[in-house]
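Handing you this structure, nothing more for now.
Chain naming follows the written order as A, B, C, D and E, and within any one chain the residues start at number 1.
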C-alpha cells in the first residue's frame, strides 16, 4: 500500500464512516457508536502508519485533477500536515468515546446527525492537513465551516440559532471576504498556489503589498481567532461540550492556526518575511490578542466562556511564535499546537463532565467539588497546569522552545508577552483549582451528585495522561519538527 | 434652404419619437401609454423610410418600358413592413392586458392600481 | 439528406413549427407532452452544435441559399453555442417537472395556448442566439418578448397583470431603441449582416451617428437585460409569474439580451469608435457595481421569497456586466462563465421555490417557517443551490467568482477596490440566503402548513438534477470554461491591444 | 390645353368647398349643425376634386381607377354621415331647434 | 415642389401627435391616432414607399383603431387629469431630442444618392431580382425570398399576439355579465341604410383584398395588407349584421385552423426547400426552373401570411367583441 493510496483512503474513510453512521443510526445507537469508534481507530492507525516513511524523508504527493488551468486539487504530505492529521485523528477517538458518555448522560436529541457531521468535519480536517496547494486548502476549509454549523446549532433553540449565526457569519465573511481574495492574489502574483519549501512569494512581491497580503491571510483565516475576528469563538460556547472540544482542541481552531503557519512557512517563506519590514505588525497583533484575551478571561464567571477566551490567548501564542520567524520559535509554535490540544481538550472534557454530573457551569458553584468528583478535578488541574506551563506538563515544553526562539531573535516584545501571559494564566486557573479542592461547598448540601459517567471519565484520564506523557517522551514529535525546520536553514 | 429640408424628416422623427416617449412615461392612463407606444414606433418607421428615399427616384417596382429609371432603396421598406405588424401585435396584446387589468382592479389609472396592489 | 449542415436552421425551426401543432392538441396531457418532447429535441440539437463547435466546425448557414450580406445568414461560434446550451437546457429541464405545477395554476382548457407560447419563447431565444443578422435579432426578440408577456400574465395572481404591463412597455421601448440603433448603423454602413457590419464600420468617418447608435443599442438592450437602473420591471414580473415560468425565464431570458449586448458592443463598436472601450468600461463599471450592491441590499429586506431571488438576479447580472466591461479577455471569459453558472444556480433556486410553492399557500417568508422538517429534500436542494449562488468552493458559482476576481485583480491598482465591492455584495448574498435557510430550519411551522408533504416527485427530481449539475460544473468546469475563453478570444481577437 | 384649364377650375372650386366645409365645422354651435357643414365637404368637395383630377389624367387606366374611387366615396360618405347622426340621436343628443323659436313655442 | 408638400404633412403629423397626448377623452385620442396613421401613410407614399403606405393604412389605421375602440368599450372613456411629475420627463425628452437632432447633421441628407445606405446591398437587389426571381415588385421579392426568414419570424409574431390575446381573454369576465341591450349583439339591426350599403360594399372589399393578395408581385401588395383588408371587411360585416352572424359565417374553429394553417404552410414551404436539397426557405429547388420555383414559393408563402394575418386579426376582434 503506497503512501499515495493511504492519503486517498484517509480522505475517503471519514466520509464512508459518516454514511455508515447514518445507516447504522437507524438500526441501533450501540451499532452507531461502534461504527464511529472503529472508523476513528482505523483512521488513526492509517495516519500513524505513514509516520515512519515520513521520518526518513519521504514526501508522498498526489494530484487528483485540474479544475481550472493552473489550479488543481492536489495533496502533499509534509511533517507539519502529518503532525496535525495525527493529532486530529487521535483526539477523534478520545472525543467520540467522551461524546458517547456525554450524549447518553445528557440524552441529547438527534445524535445520529451529530456523529455524521462530526465525521464530515474530521474528513475536512484531514483534507486541510494534507492539502498540497492553497485552492485545496480553501475548499476543505469551507467544508469544515459548513459541516460544523449544524453541530454548533445542535440544540436549535433561539439563543443557539443567534450565536450559530454569529459563528457562521464571522467565519464565512472572513473566508469569502478576505481569504479568497488573498488566495487569488497569490495565484495572480506567484502563478501557482502550491506549498513549496522556502515560499513562492520571494522576489515577486515587495513593499507594503507583502504586509497587506499577510494581513488578508491572517484576518482571512477566521478560525485562528486573532483579535478582531475572534467573536465567533465565545459565541460557539452554546454548542454541547464534545462539539466545543472539537472546535477548540481537535479541529477547527487547530485548522486555523495550522493554515496560518503553513502560509507563513510555505507561501511567504520564513527568511523572506524576516527581512521584510512591513510584516512585523503580525507579532504585535498576536501579542495584543494574547494579553487582551487573558485579561478578559480573568473576569469570566462561566467556566466554558473562560476556557474559550483562554483558547483565543493560546492560539495567538502560536501565531506570535511563528511571527518570531526563528527556527526554534517555529518548533515551539508547532509543539504548542500539540500541547495546547492535549491540555485544552482535558479542560473541556472536565467542564462537560461537571455539567453532566452536577449541571454546574458557573465558577462559584465549583466550590469543594474536588471531593465529589476526584478524577474529573484531577484531570482538570493537570490541564490547567499545562496551560500555565508548569514543568511536569506538556505546556512547559512548548513555552520553553518559544522562549528560546524569542531569545535567539532577541525579540523583547515576545519575551515580555510570554511572561505576562503566563502570570495571567496562573491568575485565572489556580483559584479554580484552589476552590475545587480546598474550600467547603457554601451550603454543604449539594453532595447529591457523584462522578460523571464512566466513558467520560475514561476519556478524561487518557488525555490527562497524554498531557503528562508528552512532557517525557516527546522524541518522535521533536524529530518531526527538526525535519520541518532543517528545510528552513 | 434645401439643406434644412434634407434634415427636416429626421427632426420630425426625433420630435414624434420623444412625444411618444413622453406620453408613455408621463401619462398615467394605460391606454394613453399604449397610444404613446404606437406613436414611438411610427416615428421609427418614418426614420427608416426617410433613409430609403433617393432623389428623383420612384417606388422600387420595376417598370418594364422605362430604361434609366432609378429606384429608391427597397430594404428599409421591407424592414418596416415587418415592424408595423410587430407594432400592431404589441398593441393588441397590450390592450388585452389592459382589459384584464380593468376587470381585476376596476381602473386603468396607474396610481390607483399601485394603491390597490398595496406596498 | 444528412442533417448536420442544417442544424442551425433546425434549432429554430423545430420549436417554432411545433407551436401551431401544440395549439391544436385538445386532449389533456398532450400539449405538455409535445412541448417537452420538442424542447428535448432542441436540447439534443444544441448539444450536437456545441460538440461541433468544440471540434472547430464553423456553422455558417445561408437562409434561402442567398449569399451573406444579401440574404440572412445564421452563424454560430462558441459564444452563441454556450448560450444555446443554457437556453435549451433550461427549457427542457424545467418542462420535465412542470406539469403538475402548471396544472395547479392554469385551467386545462387554456393550457395549449400556454405551451404554444412557451415554445415561442424557446424558439425566439434560440433564433436570437443563432442568427447573424441585426434586424433578424429584432424580429426574434419580439417573438420571445411577446410570448414571455403571455407566459408571465398566465399566473392566477391578479398582481401579475400590472407587472406584465410594465414589462411590455419597457420591453417594447427597449426593442424600439434597438431598432433605432440598427437604423443608424444601416445609414452609415449600408448592411445588416453582423460580420459584414464589423468590416464596413472601420472606414465610417464621422463618429457621432455611430456613437448615437451605440448609445441607443446599449440602452435598448440594457432595458431588455434588466441592467441595474433599467431593471424595474424584473422583480414584479418574476414574482407574480407562474413558478415554473420564473424558473425558465430567470435562467435564460435576460442572458440572451446580455449576449446580444456583448456581441454588438465587442463585435461592432469596439472596432470603429477608438476610445470606445474606455467609454464602455467607464460607463458600465459603475452601473455594474451599483447593481451588485443596491440590488443585493434590496433583496435583504424582501419578504417574498421569489422577489428576493429576483433582486439577487439583478445583482448577478451586475456581475456579468462588470466582467464584460473590463474589456479584457480574462474579464470577458469571467462574464460568459458567469452567464452559464448563474443560469444553473438561479434555475435550481427557482425550481426549489416552485417545489415549495406547490405545497404551501404562498412564497412569503413567514409561510416557509419550519418547512425543512416536512420537505427535507426540497430545502436541501435550496441550500446547495444557495451555496452555489454565494460561490462556496465546489460549486459552479465559485468558478465564476474565481475567474471574476482574477480578471479584476489583473486590472491593476484600482482592481483591488473592485474586488472589495464584489466581495461585499457576495457577502450580502450570504446574508439573504441564510435568512431563508434559518427561516426554514429553525422557526416553528405555522399551523396552516402543518401537514405539508414532500414536493411531487418529478419536480423534485428536476430540481435535484439542476443542483447536481451545479456541483458537477463546480468540479469539472471544462466545457463552459473552454467555450467561454474561445468566445472571449474571438470577440476580443481583433482588438489592436 | 382646354382640359388643363377645366381641371384647374374644378380643383379650385373643390378646394373652396372643402375650405368652407372646414370653417363651417368649426364655427357651428352644436353637433348636428356642425355635421351638416362637414357633410358638405364630403359630397360636393370630393366630386369636384376627383373629376378635376380625372380631367388632368386624360383617357387612361388611372381615370377608370379614379372613377371607381369616386363611386366608392359617394357610396360611403353619406352613409357614414347618416350612421353618425343616427348614433348621436340614439345616445340621446337632442337636436336643438333655433334658440328664440324654442323660447316662443315652449 | 413635392418637398414643400412633405414638410406641410410632417408638421401636421407633429401637431396630431401633440393633440393625441394632450386630449383627456380617450375616444378623441383614438380618432386622432387614426388620423396620425393616415398622415403617416401619406408620408410614406410621398417617400416612394408604396407597399409600406398600403400596410400602414390597412393595418395601422384600420385594424388598430378597431381594436382600440373594442378595448375602450370595455374600459374607461375618460382619462384622469395628470397630477404630478410632469417636468422631469419633459426635461429628459427635450434633451434627447436635441441629441438626436445634433447627430442628424452628420447623417447623409434626405434622398442624396451618394449615401452609403444605397451603395452596398440595395443596388444588388435592384439588378439581380430581374435575373433570379423576375418579378417587378422588388419589395415583395426581398420580403418573401431574400429575407424570407424575417417574414417567417413576422408571421409568428402575429401568431404569438393572437395566442396571447386569446389566452388572456379566455378567462371568463369577473364582473357579472351586464344585461346587454339586444340591438348591439344583433348589430345595427334597425339601421337599414348602413346595412344596405354594407351588403353592397363587403363583396367588393373581399375582391379588393384578394386582388392585393395575388397582385403582390406586380404592384404594391402582399400577404399582410391582403389579410388586413379581408379582416376589415369581415369586421364591417360583423358590425352591421351583428357578431353572431359573423361568427357563423366564419366560426372560431375555422379561425384557429386559419391561424395555425397559415403559419404551418409558410413553415412547410421552407422545410420542403430543405428536403429537396436546398437550404431552409430555398424556393429555387421547388421547381426544375429556379425562377419559376422562386415565384411559386413567393405566392405560397404570401398566401400563408395572408391567411394567418386574417385569422389572427379576426380572432382578436372576436375576443374583444364578445367580451362585453
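Heads up, the rule we're going with is that a contact is a pair of C-beta atoms (placed from the backbone, for glycine too) under 8 Å apart; a residue touches a chain by one contact, two chains touch by 3 or more.
None of these values were measured; they are calculated from a predicted model.
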Co-neighbours of subunit E and subunit C - touch as defined: B
Neighbouring chains common to subunit A and subunit B, by label: C
Touching chain sets, computed without subunit C: A | B, D, E
Central chain (distance from its CA mean to the mean of all protein CA atoms): C
Per Cα centroids, the chain farthest from subunit A: D
Distance from subunit D to subunit A - Cα centre to Cα centre, in angstrom: 100
Geometric centre distance via CA averages, subunit D-subunit C, whole Å: 58
Centre-of-Cα separation between subunit E and subunit D, whole angstrom: 29
Chain centre separation (subunit B, subunit E; CA means) in Å: 12
Contacts with 2+ other chains: residues of subunit D: none
In subunit B, residues with contacts to at least two other chains: 17, 21, 51, 75-76, 79, 82, 86, 89-90, 93, 97-98, 100, 104
All pairs of touching chains, each written as two labels joined by a dash: A-C, B-C, B-E, C-E, D-E
Residue ranges of subunit A touching subunit C (in the complex, touch as defined): 65, 67-68, 71, 135, 138-139, 142-143, 146, 153, 156, 158, 161, 165, 168-169, 172-173, 176-177, 180-181, 184-185, 187-188
Of all residues in subunit E, those that touch subunit C in their complex: 99-100, 102-103, 105-108, 115-122, 124-125, 128, 145-150, 152-154, 156-157, 159-161, 163-164, 166-168, 170-171, 256-257, 259-261, 263-264, 267, 270-271, 273-275, 277-284
Interface residues, subunit C side, partner subunit E - complex: 1, 6, 9, 13, 16-17, 19-21, 23-24, 61-66, 69-72, 109-110, 113-114, 116-117, 120, 123, 127, 131, 133, 135-136, 139-140, 142-143, 146-147, 149-150, 153-154, 184, 186-192, 200, 204, 206-209, 211-212
Residue ranges of subunit D in contact with subunit E within the complex: 72, 75-76, 79, 82-83, 86
Residues of subunit C defined as touching subunit B within the complex: 135, 138-139, 142, 146, 149-150, 153, 158-159, 161-162, 164-165, 168-169, 172-173, 175-176, 179-180, 183, 186-187, 192
